[in-house]
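Both complexes below contain chain A, partnered by chain B and then by chain C.
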Partner chain A sequence: MIENSASKLLNGDTCLRTSNGKKSGRNGFVKKHCLHQQQKCHRPKEVSHIVGHNAVLYNKPFVESFEETPLLVAVLTYMGYGILTLFGYLRDFLRHWKIEKCRVASERDEQKDFVPLYQDFENFYTRNLYMRIRDNWNRPICSVPGAKMDVVERVTHDYNWTFEHTGTVLKNVINMGSYNYLGFAENTGPCADSAAEATVKYGVGVSGTRHEIGNLDKHEELEKLVARFLGVESSMAFGMGFATNSMNIPSLAGKGCLTLSDELNHASLVLGARLSGSTIRVFKHNNMQSLEKLLRDAIVHGQPRTHRPWKKIVILVEGIYSMEGSIVRLPEVIALKKKYKAYLYLDEAHSIGALGPRGRGVVDYFGVDPHDVDIMMGTFTKSFGASGGYIGGKKELIDYLRTHSHSAIYATSMSPPVAQQIITSMKCIMGEDGTTLGQERLRQLSENTTYFRRRLHEMGFIIYGNENSPVVPLMLYMPAKIGAFGREMLKRNIGIVVVGFPATPIIESRARFCVSAAHTKDMLDTALNAISEVGDLLQLKYSRRTRLSDDEEADHLSYLVSYED
Partner chain B sequence: MNVGTAHSEVNPNTRVMNSRGMWLAYLLGIGLLHVILLSIPFVSVSVVWTLTNLIHNMCMYLLLHTVKGTPFETPDQGKARLLTHWEQMDYGVQFTASRKFLTITPIILYILTSFYTKYDGVHFIINTFSLLSVLIPKMPQLHGVRLFGINKY
Partner chain C sequence: MDVKNLCDYLGWLYYQYLLITGIYVLEPWEKSIFNTVLFTMVAMVVYTSYVFVPIHVRLALEFFSGLFRSHLSISAN
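Moving on, here comes the complex of A and B:
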């Protein structure tokens, strides 16, 4: 293994110096950055694979890539937004002087002199940019969102301001947008049958909170099962995934505590952290040097003005980040947490059921002890085909949450058929229903993920994220291509999700594919051919890398290839 | 737009000037403006350069120091509604890289304009006032200051 000159961290530890495996002739398009923020690093020009200082913590290669935006594409994207802004101002001017009909709600005549409510600058983006491509979102579907779905066809006669249903339904649209990682979104089979039985027995509504006659034996059974599934002492289930985060973090952290949250954390985590009243500090996405620096500064300096020690320090990370497709560096986070005695809150919304040889999530994927993660949170929406969330951990923690969680006191508990669906699907994944269906689905998902990502890489698209994550963001960059890509894919009978600014950084708009175990290879091939066709039509194949040959990859024990913006 | 977004950035406007390729796009925009003005017939080189300087400074003043707030809703309860884009940049931290770049560019443009107008008196006065109009609002002492109540709400 070749060892490059590593730059030093504050305490003399060597920095995790990374480099890519590209040929040296193509420098300048893929930035090679040292993960360490403070010292300036020179860019290595030679091809080398470096065994980082922390590589011993990983039992398999951790390969992530976030290829840098090509400069030409960035400039053209800004030009696109500039033209759209100019036209937006023009249309606003026309609407103001009544030359064009204003279709947005507007104030009554008496209110015209007040501060504008509707036609304000804050709606500029919505009415001038979002409205133009609005038909790519909120598409009504009228079947189970499995591997294939039926989409209601809509037409608009006034450029997306209003929609009409034509009456026809697009049948068997390949579904690349649903969070259906293990294919449990189905209306036939053992899960659906048991959920129907539960409906007949318990009804649908619970009519109460967990504290007040809303606690069913189904909930107790579910919680014991979830605890066994995760490998923790005890767990608690809630009716809504978003509410699990936003209602429980306030019970766990408060004033005088420190919350270290990742840059790209989900809105529920951010909301929960803000509601808790603790001090929030943000570290760069998946960047362990940034996290360590924050931890050291916090412990050394204490609370902001009084310099008293913090009551507790909580690190908030997610298993798979849904917009980037990156997987958290869990072994390193756990090492840091143990070193600095902080608590770890792991949100496995997308990774539970989708990663790991036994489907137990990111903890299983890295082979880490579940007792090292203090609070394991997750949702049942993605891999179990149900809804709701859970929190797992030590018995004392969960007993505390049972009394102190806002969700348990004020929110209705989970509906019985939903709980039954989770119980059946979880038993299926664990293999306790007597079939190997769970094991097959897990294997199918990981095969589909690898195949899909490899083919997209080979076609020349820029894909973000870890090579094992079933969330695949494909970069589009330009605002017009967002709309064009969504529409062209629907014409070819494939339903996808596209995202643009301000949900993502201004130039990094993307299409996000979610690979499912329910997709057969034929479906993936159809989808890939369509993506390639549309990619050629819209010139989306921006990637300037050549893939490493398989010999070079196999030569190394572990190489960590990661890029930063 | 925190709900539905993929990041915990409260106001994306603060980071726009730091994104990849923005500086290059800005310089190319100035170049494009200059080329368009150069292609107008019967206009001398001095007038073209003065016009470039004027139009550039006017546009920058409008975009950075007149337009307030964000074109999208932010979850910070409107903290940035009364702030111009210059004041929003990097959450008000002064002397960051983007701020320095946006201060230096009009100065360099002014120096080039002075050279190409051969230091003529009238052009000098016009260009200097234009430069001052775009440099003075960038001073840290004028952060959040609204003179005579102009542009306050």
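Moving on, here comes the complex of A and C:
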């Protein structure tokens, strides 16, 4: 419990966002992130930056908004944290003097004179703040996490220190939290059938690596298909998305290389960059000026002290940032990468399948050439309803990775039914199964996204991110509201994900909805009504922008409206 | 009917207070400590203002009226 409190606030799937401080250790980095975030005081202030001077690079309006935190709300949020911290100290005091039973790990008596293990802020936070609203996370569900799911009911009699299952199941909870963008997480239909067939034919376990007797025809088929889907020469599939990043970046970069990483990159990218031993510099989230400055400095000054040129400069970015709902400014990144001759590593974990007219990720969304991205990485966990990750690119790159990547050499290869699920769902998206189901799902997803975002915006919530991103963060800010929002929504039979520190900056707690193609309009309306009701109850409609900038947004809205019917 | 509305409203206000101060997530005994401390502080502020403000106001009034009167007497001369 103690060792990984960083990831706790997220429903198990751990999108912990960290800045890549070079030296900080395993526990240090989260804190660092938080400080970092506070200093820089959030992202480019004022709102919708509808493409700046680089508009020529875009083939469509790029509307992304991060409304500023209202001052009063920020002050009250800090006050709330202050009060909770005071009570945290009180409880720690009681625990220390054995007035209250200590239920968390603490130093043993014989360790008392060593460096304290459980006294840093993170442990304090876990013990005294996270624990109080822990019932919102790690909730067991007992059905396929499709558009609706069944949730196991739990109760606690000791304020979230332990949970008991009551034995009842909350049926048909609307699922607004799974990354099930295209709705392929299902237990019926062609994907499930073909996966079942594959199980009958191959079994589930492979018990060998790709280099040994774990290289099935299914894997080869999958890789060919992925390459075709992405429009790249060659591709390679791995059994785990996280390991795809964290184990492959070290084989691509090393000492003497420079990694430029977005400050909000996923933990797997951060870990990969650290493991590679390359020098890491962090640029501001999606901020091209910041990236350009780093690139220019890197080229002008070279490596520190020796001033030799860097061996390689690798830019690490994600397609959709899963905590902000923002989309990478890919055309600008590509322009910069070409100008300064750097390499680009694009993690499409959330965007593959979810963006673009043909569902082929941000590359498709912006209509850029896949060959301009050197390393296309993505996962099968989200849109394809399976598991694992891939890397696509030039044949030389993939051949190199096949022999050098740790997750190819040392890890058991992907389970055949999983591979089959990916193949079937990908073919469905590509329309190669002879139906238009895939296209319909894509269209449904983009309609749902637009509708959901527009309604939330109209209700007066502060929502972050790009208008086309199916990840919709809704700002909650105050610590008590994180707990209250999750509980109230579940009472209304809607399952959501709420996120707080350390996954977000301390005052920017949020609820994160993931829109899916499997959601029907009815479900979305039910969810939206519940959100509105809870929003009124908890006073969450912070946005001051709904009325204010109607003119400014008129054309943007008309664009949305034309989309709707 | 009105009483019920008022009760609802007060309940809502209390809920907002819980959420904004963050004590929504605390255990009942901690809530009561917080409420007690806050209540005591507010009560003390109110009480001190009740006790001392009138005195200060009177003193101030006396001071100014004294000034005024002496001013008057000066101008009478």
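Keep this in mind: the second predicted complex is superposed on the first by the 476 of 565 C-alpha atoms of A that agree within 3 Å, B and C clash if a C-alpha of one lies under 4 Å from a C-alpha of the other, contacts with A are read in each partner's own complex, and residues count from 1 in each chain.
One rule holds for everything that comes next: a contact is a pair of C-beta atoms (placed from the backbone, for glycine too) under 8 Å apart; a residue touches a chain by one contact, two chains touch by 3 or more.
This one's a predicted model, so the numbers in the text were calculated from it and none came from an experiment.
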Chain B versus chain C as contact partner of A:Ala267, first or second or both or neither: first
First (chain B), second (chain C), both or neither touched by A:Ile507: first
Partner chain in contact with A:Leu84 - chain B first, chain C second, else both or neither: second
Chain B versus chain C as contact partner of A:Gly214, first or second or both or neither: neither
Interface residues of chain A shared between complexes with chain B and chain C: 79
Residue ranges of chain B in contact with chain A within the complex: 1-9, 12, 15-16, 19-22, 24-25, 28-29, 67-73, 81
Residues on chain A engaged by chain B in the complex (per definition of touch): 68-69, 71, 73-75, 77-79, 82, 121-126, 261-265, 267, 269-271, 282, 321-324, 499, 501-507, 565
Residues of chain C that touch chain A when the two form their complex: 15-16, 18-27, 30, 34
Complex contacts: residues of chain A adjacent to chain C: 76, 79-81, 83-84, 87, 90, 129, 132-133, 159, 478-481, 483-484, 537-539
